[in-house]
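Structures given as structure tokens follow.
You will see chain A twice below: alongside chain B first, and alongside chain C after that.
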Partner chain A sequence: MKYFSARIAIAAIAGAALGLSAVGSASAAQKPQKGGILNFVVGSKIPSYDGHRETTFGVIHPLAPFYSLLIRINPDNPQSATDFVCDLCKGKLAKPTNGGTTYTFKIRKGVKFHDGTPLTAADIVATYQKIIFPPEGIPSARKTFFRMVESVSAPSKYTVVFKLQFPSGAFIGALGNPYNWTYSKKDLDENGYTWHQKNINGTGPFVFVQHQPGSFVEGKRYAGYHHKGQPYLDGYKAISASKMAVRLQAIRGGRAAIEFRGFPPKARDDLVKALGDKITVQESDWNCALMTTPNHKVKPFDDPRVRRALTLSLDRWGGSKYLSNIAIVKTVGGVVFPGHPLAATKEELQKIAGYWPDIEKSRAEAKRLLKEAGVAGMSFEFHNRGVDQPYKVVGTWMIDQWRRIGLKVTQRVQPSPAFYATLRKKKDFQVSMDFNCQAVINPIADITKFLGSAGNNYGSFEDKVLEDIYNKLLRSGDVNTQLKLIRQYEKRALDEQASGALTLWWYKINPHRSFVKGWKIAPSHYLNQQLDNVWLDKKLM
Partner chain B sequence: MSTPEIVVATEELAEHKSLLARVWDLCRRQPLGTFGALVVLLMIFLAVFANVLTPYNPEAASWENQLTAPNAQFLMGTDHFGRDILTRIIYGSRTALFVGFAASIVGATLGLVLGVASAYFGGTFDIIVQRVVDVVLAFPLIILALVVVAAFGTAIQYVIIAITIPFIPQCARVVRSNALAIREIPYVDAARAMGFSHARIILRHMVPNVMAPYLIMITAFMGQAILLEASLSFLGLGVQEPIPAWGLMLQGGAEEYAESAPWIPIFPGLAITVAVFGFNLFGDALRDVLDPKLRRE
Partner chain C sequence: MYAYIVKRLLLMIPTLLGAAVLVFYLLRAVPGDPCEIRLAGTGLYADPAEIELCQKNLGLDRPLYVQFFEFVGGYFTGDLGDSMWTGRPITYEIGLRFQLSLQVAIMATIVSVLLAIPLGTISAIRQDTWIDYVVRAFSIAGIAIPSFWLGIMIILGLLIITQQWFGTPWMPPIDYVSPFEDPLANLSQLIWPAIATGYRYSAVATRMTRSAMLEVLREDYIRTARAKGLLEKLIINRHALKNAMLPVVTIISIEFAFLIGGLVVTEQVFNLNGLGKLFVDSVGAQDFNLTQQLAMLVVLIFIVTNFVVDLFYAWLDPRIRYA
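And now, the complex of A and B:
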């Protein structure tokens, strides 16, 4: 099923000389050049090295080039939601058998981990056992994506078989998730499931050289990389810079060539104005939405009326207009990536609490609910992540929106590692900023974020009704039924229970030095980050 | 025959004139100090009367006024949330003064007690206290403050603690040097001989005699505290949005829009500069006035 109609605006700002086709065709026609070091900036720190547990670009941008995936989205067509190609598997993508419940993959021979250990099917099985069936106490952020999986096995040294409980259109998308880094079975067996939090050993295009925490991560070309002729770069340096202004100036001053996450429109305009055709801009819709998560274990946020009041006070339609000028957010949407056939229409959205067209009516209802719950004018602390864009900007917006229904909100901002520790372990927050950023556009998997049972849901709640709707959805192959169930799911999660509140979906703008070639923007800042197809055009440097 | 009331009134008038004359004389002798004092008074005035001086809410976004350049309505322009910068600077003086006063008074007072006690008791106690002071003084102010904020968090009370801690040893060292001289004056021995407690001797007989350096340290700390608070907020480790604070106004949008909307960083930057300058000038003048040697000259 191909739901996603790709939307990409690659605007080459060379005065006004270069356009989408010019950049596309020029890139395609040019032969990649070998050599050079790519310096790029990353706006978040690294909570741990383990991609299976992490959900931040702060991990994937500097570390993804050290790893390989079983399958991945086509690096030359990353806007597609369905164009998957083999990375560690061989040949064309496997077609399911046994009524869509069995997927068999042949694994490439001759692939070696950076420590010299040969890769076999056992490594793939061990990796997916960790992702799908982690033992108690081992976090796996995307295990709910694989609810349909019954078993993973290796019938031979180079064959992997995934057996599903029921056919699911969400499986391949889940399998192609860029966080599913392939680990060595030997490392897992000998060192345990937490070893990868502090150690790196992959089969990716680059070999880990060093990590200076808070400063940079460095990688060098892996001579034994399994995609012959790649990578083109000699190495890369992922420079840590939490402040957006610093990242922007790094590109402007030539200290870095690219930032893979995204800048707000103003930053793009400044760069283009200053550097002209030395800057190329790629833009895309973004499979990422900011949301708030109330801690259901803390009063009064265990009360759905209070949670509904929080979402009712947010003027999303207005915010879309003025926040998009200053932040990397833009689109009003429900639980599904806006524009996707399974996404809610504007009319459907406007029936959900917090999306009503009349914000005054919405805020009046919010005040009534707070009064009814006995917490009118209450104070609380909003927990936020110390990343400028869009967290702190949208956080300030939300505090202002809540002020308008009489709430007094202070803000606690933490750097990424402490932010995640608060969400995952300490749980000492009242209402926290959260996000649902996914990689491959795979709505049925992506919306698991709203389930209380999801590994990456930090609200500490159980909602059996929502789980039941989701289980029906997961087993449904019919689009109309899916649409109906998703609307029920959306209504339950965002309105009736308001267990989380979405704000706005993001919009991705990547201005980069024009000499960076081969990298194509995806609708996610997690996708297409192995950098094996990236090269530097020395003529333009 | 003059009545006693008339004599008293004349004496009072003479004293009053004399006070005014002395103040005027002081202003003429200390023009920079006077400027500093005016800045301090202005800050206090702004902080106290903030809510009547400006019609705008410093925390309320006004989206239709995003990034407005300075004009008659918004004298210092607006930020990316449409908030009036002048209003946020006026309210920001509350944050600066609150953090500054709290940190400098608590830090200097604890330093005063520690310094005097260290000088009074001497011996092993003095050696231990001074070595600890040496260790703490070895760290730059901002580093020490960063350590405290990183350990405890970024709430305003922790910011105050973070700024207070580095002040304690600084004041203790200065006060001790003065207290060492006072300890040798016979009246302290006399107090001991009369059987007064250590606390009474320290608090009643020694502390009042080191008030001059103590007051000077407070004013010096005020400027430093304002600068430290602004630095911590700028680094994202101080007070957080939407609270108006000068350092906070210099980060985020100020950095992003420094070129296209320069009024966003310029005015809070100026506010910090003038406030720190004012407190330092005031502190210098206070030192000159309170130092008997300089006074004689």
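And now, the complex of A and C:
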């Protein structure tokens, strides 16, 4: 436990350091000012309004401010992966009882939906019933996150109880997912489970005003918001802009003050050069990792020696230095988000194939393995996604890295729909780019990506040893046991079997107008988007 | 004439049907579907059961011929279906963008006509003088420069110049305001894409006007008009220009049809919420319903425009009579 606490402390310090790596002035000591409209740009489209159903940040950024969550990542400390606080619940976060299988939450009184309906525990239960146990025909994108949940109930008007089938370290993270918007039971009962796809009624800091599809979403301040004194803004306008150049110029030209997803390093430098101290930059590690997936059904990638050779040839430590100047990647890490208490230390990482400090030794071993497997100097096709940042940039770097062990690699780039069809249906690839992008940092849930049985693992393999380690991990409530099991899992997935390989973790860069205050960068573009603590410094406008 | 009109209208039906078959099947030949994009496209875990449910809810699990008949049947029932991405009616999605696209097309056409006809005419009248050379260079540059590149240059130019002159960079608005709500804001947004596309569009029309005018100015009837002492202004305006307009009208009309749905990149550059951007978004999301209706709309616009142009010929040149 001591080890875990020390790791939490280090993570918190690292997080704070990252969050404060700002070019402009810090805002912590300033008193928030009320008023003003925040204009921001969003690079993705809104499919439906139902957060329970959708997976894109194009829903989160413009619509999350209309809703509240039962619990959320602390908006004043979003860098911490473990600092969850109550939003609609009351007081400190509930500690589990009954051996870690029961979570009881007291619900705030006096909270009202925007249509005036009072919020009770029944609304929370109805919301989570929809997310975890949706009726037949009703989609729920994250119900598998709650595999450990047995039931959700409301023993009293303001008490909610979650009963788990087994204790799980993944539960709180799943509960704090930013898509778990609280809906009114009345809306669900009277209008059905699809009503929220086209209608909005939440308890969030802002009230829906209008949505012009493809153009913008507008919200105005909700006077009855349950966090006293908030929100500070009078309203906001989320302007849709699919092209990065438009979003960048919009901030430069004053049409928008911020973009919450992130820009590449060059864009940050251009903005800072053009606007100087009128721009503040916040940077952070990003809970997205770029990976490669060999197709285990295709020879010679069914041979672990060949897969190990592929990962051994990648100079991650050197690549981090150069690629971070041109792409949205930076940090070298294992299966767990870097800096998280469950993540591998640098020393632990350097024992894994492909992370050795001596790249020449690593490449010599890669060549030996290829020779031993009888495929030295082989050719293959690398399948990549037709998106520049960071896929094509990193893909091109990887091809060069593989060339250094004598491999001849060509690249097949496909637009997103065809790329996914290849991975999921056609499976006619040899080695493919892949990625693992998550909202809340919830390592025990996030690392399922490396399991052959996972729906989003496209390697077509079975690894019973890895599955067994994971099943023990999922059912472990003890942090030290979790740490031990995760290291075994990491070694098995990335080294012994090299069933998939991580390249670099993404790096989030948010340059914004310096008058935007209160918003703190999180390690995910899905997090901390309710905007209730954001304010505008009128002196800087 | 009436028989010709009816025949042309009837001929539109097999053309549209052929286009419908092509659009429907080609779209589905591309790998992937909207559910894959919606649930797996972000890299988050996508439950295969959820993807199947999504496909079932959108009717993608039904045989292709059933989906095709539903698509074509929509034209008879007046129900074009819903977008597979947003769930909203397609008529609403298209209607919302049509106003902007039409306005940009009209403005770009005005810019183009205002540039092309005077420049092309002057260039022809002053053939092989410095004026002709300047106009030709101007029009060749217009053909060579892609309108999206010009758009990017306009935005960057505005940002740099306004920052240098006023200390604060300015760029055109990036969200649409209706001209009926705020005409000035509307104009400050749409004038720039209209210039960027209108210039390119004018370049082709300028060259066409010039060559058509040169041809007409060498005709016998122009020589006769000059011989009988008619004013040069009248010769140009009344006898030469009107007769030179036939190919120019064709070019302008086809370009106009293209502008309504084809400003794909320019709309992206200026962040215009028009039909071109909707097209890109719907293709990117593999929204089959919306993409096929947009493609059919473009086909319809081209067919109707060509039909109107043919009728317009008869007005321009009384010798043309359709039987």
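Some points to look at:
By our rule, the second predicted complex is superposed on the first by the 312 of 541 C-alpha atoms of A that agree within 3 Å, B and C clash if a C-alpha of one lies under 4 Å from a C-alpha of the other, contacts with A are read in each partner's own complex, and residues count from 1 in each chain.
Just so it is clear, contacts are C-beta pairs under 8 Å (C-beta built on N, C-alpha and C of every residue); 3 or more make two chains touch, one makes a residue touch a chain.
Nothing here was measured: the structure is a model prediction, and the numbers come from that model.
By the touch criterion stated above, A:Gly339 is placed in contact with neither chain B nor chain C. Applying the stated contact rule after C-alpha superposition, one finds that A:Thr448 touches chain C and leaves chain B untouched. After overlaying the two complexes on the shared chain, residue contacts for A:Gly254 are found with chain C alone; chain B is out of touch. Look at A:Ala245: by the touch rule set out above, it reaches both chain B and chain C. After overlaying the two complexes on the shared chain, residue contacts for A:Gln411 are found with chain B alone; chain C is out of touch. A count of residues in chain A touched by chain B and by chain C gives the higher number to C.
Residues 242-243, 245-246 of chain A touch chain B in one complex and chain C in the other. Of all the residues in chain A, the ones that touch chain B in their complex are 242-246, 248, 264, 266-267, 270, 318, 321-322, 325-326, 386, 388, 392-393, 395-397, 399-400, 403, 410-413.
Those residues of chain A lying in contact with chain C across their complex are 41, 45-48, 54-57, 137, 139-145, 197-198, 212-216, 237, 239-243, 245-246, 249-250, 252-256, 274-275, 288, 415-418, 420-422, 424-426, 434-439, 448-449, 454-456. Chain B contributes residues 59-61, 63, 66, 80-81, 153-155, 236, 240-243, 251-253, 255-260 to its touches with chain A in the complex.
On chain C, the positions that touch chain A within their shared complex are 30-33, 36-48, 50, 53-54, 56-57, 85-88, 93, 96-97, 152, 155-156, 158-159, 163, 168-171, 173-176, 268-271, 273, 277-278, 280-281, 284-286.
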